[in-house]
Structures are given as C-alpha cells and as structure tokens.
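Okay, structure first, notes after.
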Amino acid sequence: MITFDDVVKVYPGGGTAVDHLSLELPTGRTTVLVGPSGCGKTTSLRMINRMISPTSGRVLIDGQDVAGEDEALLRRRIGYVIQHAGLFPHRTVLDNVATVPMLLGRTRRQARTDALGLLERVGLSADFAKRYPAQLSGGQQQRVGVARALAADPPIMVMDEPFSAVDPIVREGLHREFLRLQQDLGKTIAMVTHDIDEAIKLGDVVAIFRQGGVLAQVGTPRELLEQPADEFVAEFVGRDRGLRSLSFDTAAGLPVRPVSEAPDLLLDDAGRPAGWRTGGGAAGTFTSADSLRLVTDLTITSPAGMAVRVGPDGKAEGVVSHHDIADHLVRRRETK
Amino acid sequence: MNLSYLLDPAHWDLADGSIPRLILSHLWYVLLALLIGTAIALPVGLWIGHTGRGSFLAINAGNAGRSLPTLGLLMLMVTLLGLGLAPVLIALTVLVIPPVLTSAYAGIRTLDHRVVDAAKGVGMRPWQVLTKVELPMALPVLMSGFRSATLQVVATATVAAAVGLNGLGRLLIDGLAVNDYSRVLAGAIVVAVLAVVLDLVFALAQRWVVSPGLTERSSK
Amino acid sequence: MITYLSNNGDAVLAALRQHIALALIPVLIGFVLALPIGYLGVRFPWLYHPLVNTCGMLYSIPSLALFVFLPVLLGTKILSPLNIVVALTIYTVALLARTVADGLKSVDPLVVQSATAMGYRRLRRLTDVELPVALPVILAGLRVATVANISLVSVGALIGVGGLGQLFTRGFQLFYVEPILVGIILSVLLAAAADLVIVLLGRLVTPWTRFQGAAS
C-alpha cells in the first residue's frame, strides 16, 4: 500500500502544487490520479519514487517512509513508465528492457533471457529484440516501456500518462493489454492521466484532483459517476456520466421480449440472428455478460431499434428496444 | 612579461608602422576579403539552399575550406602571382567563401519547411519567399558562418605579414626576426584583442539584425 | 611534383610525421579535458554561458598570436613544439567543451528522467546513458576540431615548428611552387583521412544513429 500522509508541495515562487494530500493506494490495485493540468497529480505521482520531495508530510510504502530510503535503490524496485516511453535511443529493445535487472547486478545473459520473455508478455515478437527504439512505432515503443518497467518484477508501478502519446486506436489496444496484464500480475499501480475516460476504464480507484493540488474526490469509477461529491467532479466526469455509468451494469437483469415480437429479424437455420429484413448487415447482438451501455448503443444503431440477446450457442433468446431499457432503469431506480 | 613596446606612446602615433596604422591595414584586408567573399558565396549559398540543386557542393565546401592550410594557400598565391595585395586578397577570399556558402545553404535548408509552405500559401512570389521569409529566418545560422569566416580571415591576415604585407602580423614577424619579444608580445596581445572585439561586434550585430522571435530571448 | 617528392622523400615524410603528432596529440588531450569541463557546464547551469563565452573568446585568438604568446606565459623556448601542442590543445578544448555541453544538453530530458527513475545514480547515468546518447554531437565536434588542428599546425612553421608548414616556408623562400603544392595536398589528404577515420569509428560506436529519422 502506498500512503500519502498530509503531503504538501510548495514550489519557491510557484505556489502550491499539492495541498495537504492524504490518500491511500491499495496494494494490488490500479489507482488513477486524474485532473486538469496544474492540479498536482504528476507532482504527487513523482513523490512516490522521490523524483520530487514533499515540502511537508510523508509518503509511505507499506508503512515505510520513502524519505528514509536510498533513492536509487528505492527506484529500482518501482517500475516507471512515462509518455513517449523515454526509451534509451542508444540501446536495443532487448537491452532497454534488461536495464534495471542489470543495475541490480544480474548477469547480462540472464537479464537478456528474462527480457525476451517480457517482450512476448507485452505482445512483441522476438524479432523486435535487436531493433533500436527509433525503428519502432509509438505504440510499440510504449509496449517496450511497459516491459522495461516490469523487468525487475517490481511490486509497484508508477505510470505517468503512459498512453497519451499514441493515437486512439493504438491506445484502445494498449488499454486492453494493460487490463489483461494487470489481471495476471496484480501490481500496485499509480497512474496519472488527464483523460477521465481512461481513468474510469483502467482504474480500480480513481482520485480526482482540482486546480491547486486539492483532492476533490476519491472512489471507485462507479461511485464517481453515480455520486459525484460536488459540481466540479460532476462537470469533470462529464455531462454523459449517466450513460457512462451504464458500463458498470451487465444485461443479466434486463428482461427481453420473445423473438416473435420482432418480425423483421432474420434467423438462420440454426436459430442464430442473421440480420434485419429492413436493412442490411448483421443484427446487433449481446450476451447477458455485456454492459447495459453496449446494449443501449446497439438499440440506437440497429435499423429496427432493437438489440438481440444471444445465448452461449449463438441462438437468439430475445430482443429489447430502447424503451425496454428505459423502463428497466426506472424500475431499478425505484427499487433502490 | 615585457609590455614596454605595447605601452610606449611612440608606437601609438599615426606614423607608418605604428600600432594604429597596422590595426587599420589589418582591418582593411579583413574587410575587403569579407566583402568580396560574401558577395560571391552568399548568393550561391542562398540559391543552392532555395533550389536544392548542388547541395553536395554546399555541404562539402565547409569541410574542404576548414582543411585548407591557410599558410600554404597564402604562400602558394604569392609564389604563383608575386608579392602584393592581390594574391593575399585572393587567398583570404578563398577562406571566406566556404563557411559563408555552407551556412547560407544550411540556414535555408534547416528552416521549418511548413513556414515556407505557408509563405507560398499566402501568395508570396519566389523572390518574396526568399527575401521576406527564408533569409530573415536563416540569419542566425548565416551569421555564425560569417563570424567563423571573420575569425579565419583575421588570423590569416596576421600571417600575411610573412609574405611582405602590413597588418598586425608585422609586429610578430619583425619582432621574431630581431628577437624583440616585447614587440612580439605587443603584436600578439593587440591582434588577440582585435579578434575578440571584432567577434563581439558581430555578435552584437547579430542580436540586432535577427528577429527576437527567432532567439531564445523571446521565450523568456 | 613527382621529382620533388622523389628527391625530398625523407624530408617530406619527416615533416608529415611531425605534422601528425603536432595535430593529433592536442586532439587527444583536448578531448579528455573537454569532457569534464563540458559536463560542468551542464551540471551547473549558471556556468554554461560563461563557459561558452570563454570558449568562443579563446577560439577567436589568431593562432600565430597564441603560438608566440605561449612562450611568455609558459617559459618555454619560442622554438619548442610544446607551444604548438599547448595552443592547439587550447583550441580543441575551446571547441569541444562547448560541444560536449551542447551534446549533453541535447539529450532528451525524458530519457534522463526515465534513467533516474529506473535507479541510475548520477555518475553511472552520465557514463551509461547521457554520454552515449550525446556521442553523435560530440563526434561531430571532434571532426571539426581535428580537421582545424591539421590545417593550423602549418602556421607553426613561421616560428620554426610546423610539420608540413615547413614545406610552405621553404617553397616561399625559394619561390618554388612544388613543395608548397605537395604540402597543401598532403595536409588536405591528412585532414580528409582523419575525418574519415572518425566518421567510421563513430558509425561503429553509435550503431543506433543509422535508424534515427527512419521510422516514426
């Protein structure tokens, strides 16, 4: 666990960057610090590995004040990923990844063997090992950056806007892999972003900062969307927070109508949806495990105004319209 | 350190061979060579930079110029053409051309091409693009080439005394010939000061002619 | 020219040997001195501008002036080769100290930052990350310094020690073009060869630069 204990950072002549921050980042979870620029999120992040020292207050890792530790040794057990990856241009991909293990005194051979495994882990083939960073795309560089941070198997990862320098499609892919990796590894992660969507998507806990280094609210993404503490948080999470909070509910409780109520739906011989009589293309289908947000989206884009629920075998089980979803949400609010 | 020659007021009158006269003749050589050399090299460098034709020449001129031994060039010219100002001036001019040519070329080539595109985009004619956009933006690089040419010429003009010309080199060469170290020292000090001051003057001139938008100062 | 060379082969060779020594020893000494000096200009930012200005001033002193001034300062004999070596070392340091400082400053701050965050201590970060990344810039400066030194050595002939420069003074005194041409050609060839060696060595020690600017 990482603990901020009444931390203040004042820059000489530059005002307050972090204002009496107390915050706990749970072990094995991803905590995302998010807020507008100048809100002190990056400053706070960089106090964890002592790239910045607090003016007052303490930062603790598992109860140990980081101020009491040797800087270099502390940093070697905290993985660090930054925007644009910050890869060493003069080293091959493999040697970039092997950096920290080598600093920790492992043999070059051992470090390189481990590095090769890590590359695979972040979705890069062994072909990339001998290349230099300049030969990689932005997304590939970012993957190498993550592999490099993971190389010494640090219990803690500090990530400063790790995905903001790549285009949206690549970012989407990196997000998926990040979630998959984190599910396997269970690191204690502190991440900074200015993108609230990214924070909600990746964070187990999200801490929203406001200008002047004040913590506005901390909670799970769902808490932030459903019960914003004040106007600022409500505004920051966005006007469409109601719609977005639907991402946290599955369609399991959503009642469906029998397929017979959708005469325009085409089924193949096996009973699987094949399309709509009125328009081309596949029918929008979902399973009980998909989110309500996805189902809502499908009903909007479907030519018949309906989405089709399918079972594990792919057979159509029922249909819903956006009216059905609206009714479901009203009933849910009433029962709460 | 014997400064008697330098401090003797008799050497500071305006008679032939006095320090002020030697400074003047030194500056005269430098100025002539810079004018002629720049008049030749600047248009060529700008043209190559603007059109991109002959880049190979422009890139390598700087290196080749640096590797030319100045004393050899000077003595070759005098041996071929005889004593006098003209052969020395040719040698000095040859030294001015490479750095000015290369920096004029580099100044234009390293410009942000988007700015040049924008200049064309707002309807400037090629001549206007060159004089209103490319040249002003290339000035910092161009001036640094001009300054290194100046240093080169000031130094080589000192050597010109070895082939019978005036200039501050006289104090060094004559002093050495008659073992008058006080005179040698005076020459060394005056020519060093002259070089430093001249470079300073051009540095200030650069500050004055280069748009503040192109220097670090503007970002503060 | 061929006849001149065949009649004076030994003398030309001796002059060439002296030229190489007088030009390259200062490059080596100057390079070693410039590294820590340039580093100081980056480590202590307030030192950078004084350093650059001092280097610029030293570099602008004409070589002949420095050659004849040094004996006064060092107490050496005016004919001592040491004067040439010290003078050229000063030029080399003046040129390279600035290049080293600029090279180190040109290292992407993100790279330095990530090295720090990965647990590099200052000295090792300098030797393992910052210097190697700055190497292409430093080597470019080394090329300039080497070529400049090779051409400057000949001026020393005016005070009696000048490698190939002696061919110039000899030819000039006899009003005889051959030795001057031989001297110029050898001097230029030597500069080109030294330049080429540095370029090739540079490629060998900075293999990554070949790919820069290639991919996005």
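Residue numbering begins at 1 within each chain, and the chains themselves are lettered A, B and C in the order written.
Everything below uses one rule, namely that a residue touches a chain if its C-beta (ideal position, glycine included) is under 8 Å from a C-beta of that chain, and two chains touch if they have at least 3 such contacts.
Protein names from UniProt, one per chain: A = ABC transporter ATP-binding protein; B, C = ABC transporter permease.
As the structure is a computational prediction, the values presented were derived from the model and not from experiment.
Chemist: Go through the assembly and pull out the chains touching chain B as well as chain C.
Modeler: Under the touch definition, chain B and chain C have no mutual neighbours whatsoever.
Chemist: What chain lies closest to the overall centre, CA atoms only?
Modeler: Of all chains shown, the one whose C-alpha centre lies nearest the global C-alpha mean is C.
Chemist: Could you grab the centroid distance between chain B and chain C? Build each centroid from C-alpha atoms only and quote it in angstrom.
Modeler: So the centroids are 20 Å from each other.
Chemist: Measuring centre to centre with CA averages, how many angstrom lie between chain A and chain B?
Modeler: 60
Chemist: As a quick test, compute the distance in whole Å between the mean CA positions of chain A and chain C.
Modeler: 53
Chemist: Which positions of chain C touch chain A when the two form their complex?
Modeler: So the residues of chain C in touch with chain A come to 108, 110-111, 113-121, 129, 132-133, 135, 206-208, 211-216.
Chemist: Quick one: which bits of chain C touch chain B in the complex? Just the residue numbers, please.
Modeler: 56-57, 59-66, 68-69, 72, 78, 144, 147-148, 150-155, 157-159, 162, 164-165, 167-169, 171-172, 175-177, 180-181, 183-184, 187-188, 191-192, 195
Chemist: Where on chain A does chain C make contact in their complex?
Modeler: That would be residues 49, 51, 71-76, 78, 80, 82-91, 99-100, 103, 131-138, 148, 158 of chain A.
Chemist: Under the stated contact criterion, what part of chain B meets chain C in this complex?
Modeler: Within the complex, chain B contacts chain C at residues 1, 63-64, 66-73, 75-76, 78-80, 151, 154-155, 158-159, 162-163, 169, 172-173, 175-176, 181, 184-185, 187-189, 191-192, 195-196, 198-199.
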